[in-house]
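What follows is a single structure, written as structure tokens, with notes after it.
Each chain gets a letter, A, B, C and D, in the order it is written, and its residues are counted from 1.
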Amino acid sequence: MSATRYTYLGPEGTFTEAALRTLPEAATRELVPMVSVPAALDAVRGGEAAGALVPIENSVEGGVTATLDELAKGDPLMIYREVVLPIAFALLVRPGTALKDIKTVTGHPVAQPQVRNWLGTHLPDALWESAASNADGARLVQEGRYDAAFAGEFAAATYALEPLVTEIHDAANAETRFVLVGRPARPAAPTGADKTSVVIWLGDDHPGALLELLQEFAVRGVNLMRIESRPTGQGIGNYCFSVDAEGHITDRRVGEALMGLKRICPQVRFLGSYPRAGVALEDVRAVRPGTSDGAFSAASDWLARCQDGRF
Amino acid sequence: MSATRYTYLGPEGTFTEAALRTLPEAATRELVPMVSVPAALDAVRGGEAAGALVPIENSVEGGVTATLDELAKGDPLMIYREVVLPIAFALLVRPGTALKDIKTVTGHPVAQPQVRNWLGTHLPDALWESAASNADGARLVQEGRYDAAFAGEFAAATYALEPLVTEIHDAANAETRFVLVGRPARPAAPTGADKTSVVIWLGDDHPGALLELLQEFAVRGVNLMRIESRPTGQGIGNYCFSVDAEGHITDRRVGEALMGLKRICPQVRFLGSYPRAGVALEDVRAVRPGTSDGAFSAASDWLARCQDGRF
Amino acid sequence: MSATRYTYLGPEGTFTEAALRTLPEAATRELVPMVSVPAALDAVRGGEAAGALVPIENSVEGGVTATLDELAKGDPLMIYREVVLPIAFALLVRPGTALKDIKTVTGHPVAQPQVRNWLGTHLPDALWESAASNADGARLVQEGRYDAAFAGEFAAATYALEPLVTEIHDAANAETRFVLVGRPARPAAPTGADKTSVVIWLGDDHPGALLELLQEFAVRGVNLMRIESRPTGQGIGNYCFSVDAEGHITDRRVGEALMGLKRICPQVRFLGSYPRAGVALEDVRAVRPGTSDGAFSAASDWLARCQDGRF
Amino acid sequence: MSATRYTYLGPEGTFTEAALRTLPEAATRELVPMVSVPAALDAVRGGEAAGALVPIENSVEGGVTATLDELAKGDPLMIYREVVLPIAFALLVRPGTALKDIKTVTGHPVAQPQVRNWLGTHLPDALWESAASNADGARLVQEGRYDAAFAGEFAAATYALEPLVTEIHDAANAETRFVLVGRPARPAAPTGADKTSVVIWLGDDHPGALLELLQEFAVRGVNLMRIESRPTGQGIGNYCFSVDAEGHITDRRVGEALMGLKRICPQVRFLGSYPRAGVALEDVRAVRPGTSDGAFSAASDWLARCQDGRF
């Protein structure tokens, strides 16, 4: 039944599955790998799944721009949770394989630059070929087509491999952000450390439109955490912007900024307000003076008094 | 009784009196000249008068900065009307005086540059001395102290003089704006061609504070018609800003801009929303797309739907 | 001979004369009082004087807007020095007059609000009449027309009066700024604590033009110290802006900001770069990172390397 | 020899190869497919190739973010040309295969959403599996592993397949932009329809830093054509921005904007000024008044006169 099913970007053994399993509720759900981000999300749109976990930022397995694009079009979806996962690769081999035996390695093309330095040092003569996903690379090692695959260490068991080397990552602090997506409903109550995601289309090709968009946030003291341009599919040079802002849609500064965008942009799509992963309340930046809910209420009261001539 | 009394910047025979007499209700009021703008306004604050007419912009008789400063401090007052008067001087003389008889001329110091060219051409040898007001100059001519005074033509009768030359003004299109001020009450309903006046104090001496102030207006598409810095009396370099904006406080774009100012500035003083003088409805600039009351309502509705998860 | 003559806003005994006498070179100049700011400046334009001292901000004697307007039009002039004078009034009387004898007081209209509280407390029944200047008021007391005049204490000697009360000022820290104006020449070298004055006309009546003007300064990290709108004489609603900015025209951030204004505005008038009065070098605010002359040079070098493909 | 060798994102038969072959000079170069964008660019950095053609925007084969990231780090490279290619897929099969025979299809994961609608209509029961590239998918069809592959029609010959259906694309006007990259050298002279690419790092995590970045362009009237945030590899929330701006680095408005960025940002990397693909001179948007090279020169002259006191 759909209410107990979560889809995710498969196949089994990907970082996405690992991220999904960090959610407590995952233990009581049926977890279904899907061939692509669109497929994972369509299962939610169609009612076959209650949620889908997909990568949205800095992925080592691709799928990120697909996620941004899929959330921006079609039937509306909403983000309810985010999960941030540190990224480190393991070199998976069939049991018994030693480093000197490795002539061919595989992995997702996006993984290659992240392990390039390691490869140059430890396997300078190995031949790299790309696989459709890191997990798919593991499967091809299991089938004997390649000698080793870069993937998450957790993928070893799924494909009866063993991790010969672990914690491989050229960049320190590499991490990927995933989001849990569902059909629209009332967002969770604010926690004080929240994030709001929207997609914003710019009206016409007028220079300065992006500046105006940013000023709707800036003038209300709403900080942006991420902004990405995405092509709209109307040809090179036509963009929409995927934006994460600090705060919750029920915070008045956020609400007023969103209404401002709604008024000046041809389309704004609300993608949800949800708790920020891995941020303690005491680490949340203080809101700019004059932008708290209290400041908004005081200003509303003052305006009403002015409109009534009582001051 | 105070409800029938209007004060104005005197003495009798000033342009301010002429402006006041253009108001239909002036015919049924007791019109009382006062020695200064503060005196005229204090009579309203104290309840001895229902209204005061004072010059606020481009005066030929001074008093403008006094008006801005007086409205900015003390008990609150509100502007209910504005009157714009074209400015032209007459050269007033005692009956029988000819141009060739004039050795000395007087007038308010502010009038001097406005008649300088005329003087250079027609009375190159006349000696100028300043008077405390144009009307006071006329009185001094009546008393015989000077041969001629520059003042409004309407002042001739008051001081038993005659206008020897009229329509003197070096700058074409010279005009002065006056405002009718009263105690706070609910502003008149919007006419569609309205103006809102406020005084805004900047919080600290941080560079960019003025830019932020202007952006509160700009981001809501509210046009500014006038902005003047005024010293706050806390020493050179400390300012407040006197601002006239297009629109009425009940226009949602204006209300939101005012609330934004209220939130970021230590003090904002509302001085009234009132009809623009001499502007036909069809000459009012269309509001920027996305800033009409309808656009604000639509955005509010959308926000409510997003907050409820119904979209 | 003109090179030794300085004019000033008269008559003798005004605060302007007092300010002029604080300049060391005043001791060796012929100091000539003029009837008005335009007259004082025209003497410089015409070559009859080498310089003119006129009030430009927060005057207690008027003349400020006249100064702004006169500097903005006609043959170009330049500001070479500024003088800031603390303002305190003395109550001047004929020798022998006691407080209880005073029935009538006079002074410039602008002085009246600054002594109003004092009058209310100490001379509640005295009748106020305005004079054309504070010094003129003193003269009228000398002539016996009034019992007392508010003026600078230094005016007592000129008019054979004595200061009955001194240090009268309703606002603490009241001060007036004066400028020494001459014909255009190369500005003095920067001192590190400088100020640059310009007058800027806005091109058309497009909303946001003022914002663009301010951004030319802001984007180069140039702080504004004063901005005042002045009517252009083309009718209500047409303005130019009189601006004082921190820094010297030879500072690269200031030069680039001025060029930016020159490019987008129909007219920009440079009024001079000169030392800030009363500001020690150690009290000058540090320039924003990235806006020092060194940062400009480094960026120029980098651009040249990019244009040459050497990087 | 390297001067005659161009690398590209392979394998043979990709859209990238097709784009490369549209360049006249390609006919006289040795064209070498590389396994990844980093590999293609490293061959240029290492001197084994004179240039590399890689996709940079809206790719149907991935590699775009890899391109942005690779250009942003390591030894500097420069963009010399851009090529825009309309994107349409062909369904490639072994000779003799009919639509009804197709049970399995493959292609790059990024291609899947672009052919999804077509698949749903014409091959609703076919099973999709992802390949490492569109060309790799074609190879797997040749090897008999899948029945059909989505790829460019030009890939058919390379893999001895035939295009069963052509011109498949869910989005009308789909196109991909590629860039020809080489080692740094003096950019080509401006053509009047040019584009300048840079990568800009924001200094610290201060809200408004992006706004400041955009204002460096806006205040000089330089239009942005593309802006994309890219993670810096320092963890979620740390970004650099990849930007394409209208104009050439030798245009003064562009040069001044770049210097402004250089001054306020910790790092700016110039990626080249080059002709815009597919834009006729008459279709280039006129520069904003006041931002032409002539306006810059006139402003420089004026500043020099002001600094000399000659005006």
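Here is the rule we go by: contacts are C-beta pairs under 8 Å (C-beta built on N, C-alpha and C of every residue); 3 or more make two chains touch, one makes a residue touch a chain.
The structure displayed is predicted, hence computed values, not measured ones.
Visitor: Under the document's definition of touching, what chains do chain A and chain D have as common neighbours?
Guide: none
Visitor: I'd like to verify one number: the distance from the centre of chain B to the centre of chain C, where each centre is the average of its C-alpha atoms, in whole angstrom.
Guide: 23
Visitor: What whole-Å value do you get for the distance between chain B and chain D if each is reduced to the mean of its CA atoms?
Guide: Spacing between the chain centres: roughly 59 Å.
Visitor: Would you mind pulling out the distance in Å between where the CA atoms of chain C average out and where those of chain D do?
Guide: Roughly 57 Å separates the two chain centres.
Visitor: If a residue has to touch 2 or more other chains to count, which residues of chain C qualify?
Guide: 215, 218
Visitor: By the document's touch definition, which label belongs to this structure's chain graph: line, ring, star, complete, or other?
Guide: Topology of the interface graph: a ring, with each chain touching two neighbours.
Visitor: Per the touch rule above, enumerate the chain pairs that touch, sorted by label.
Guide: Touching chain pairs, listed by label, are A-B, A-D, B-C, C-D.
Visitor: Using the touch definition up top, name the residues of chain B that touch chain A in the complex.
Guide: 76, 78, 184-187, 212, 215-216, 218-220, 249-250, 255-256, 258-260, 262-264, 268, 270, 289-291, 295-296, 298-300, 302-303, 306-311
Visitor: Under the definition above, what is the set of chain C residues touching chain B in their complex?
Guide: Residues 35-36, 38, 57-58, 62-66, 69-70, 84, 109-110, 112-113, 116, 128-133, 136, 171, 173-175, 177, 207-208, 210-211, 214-215, 218, 221, 223-229, 231, 233-237, 239, 288.
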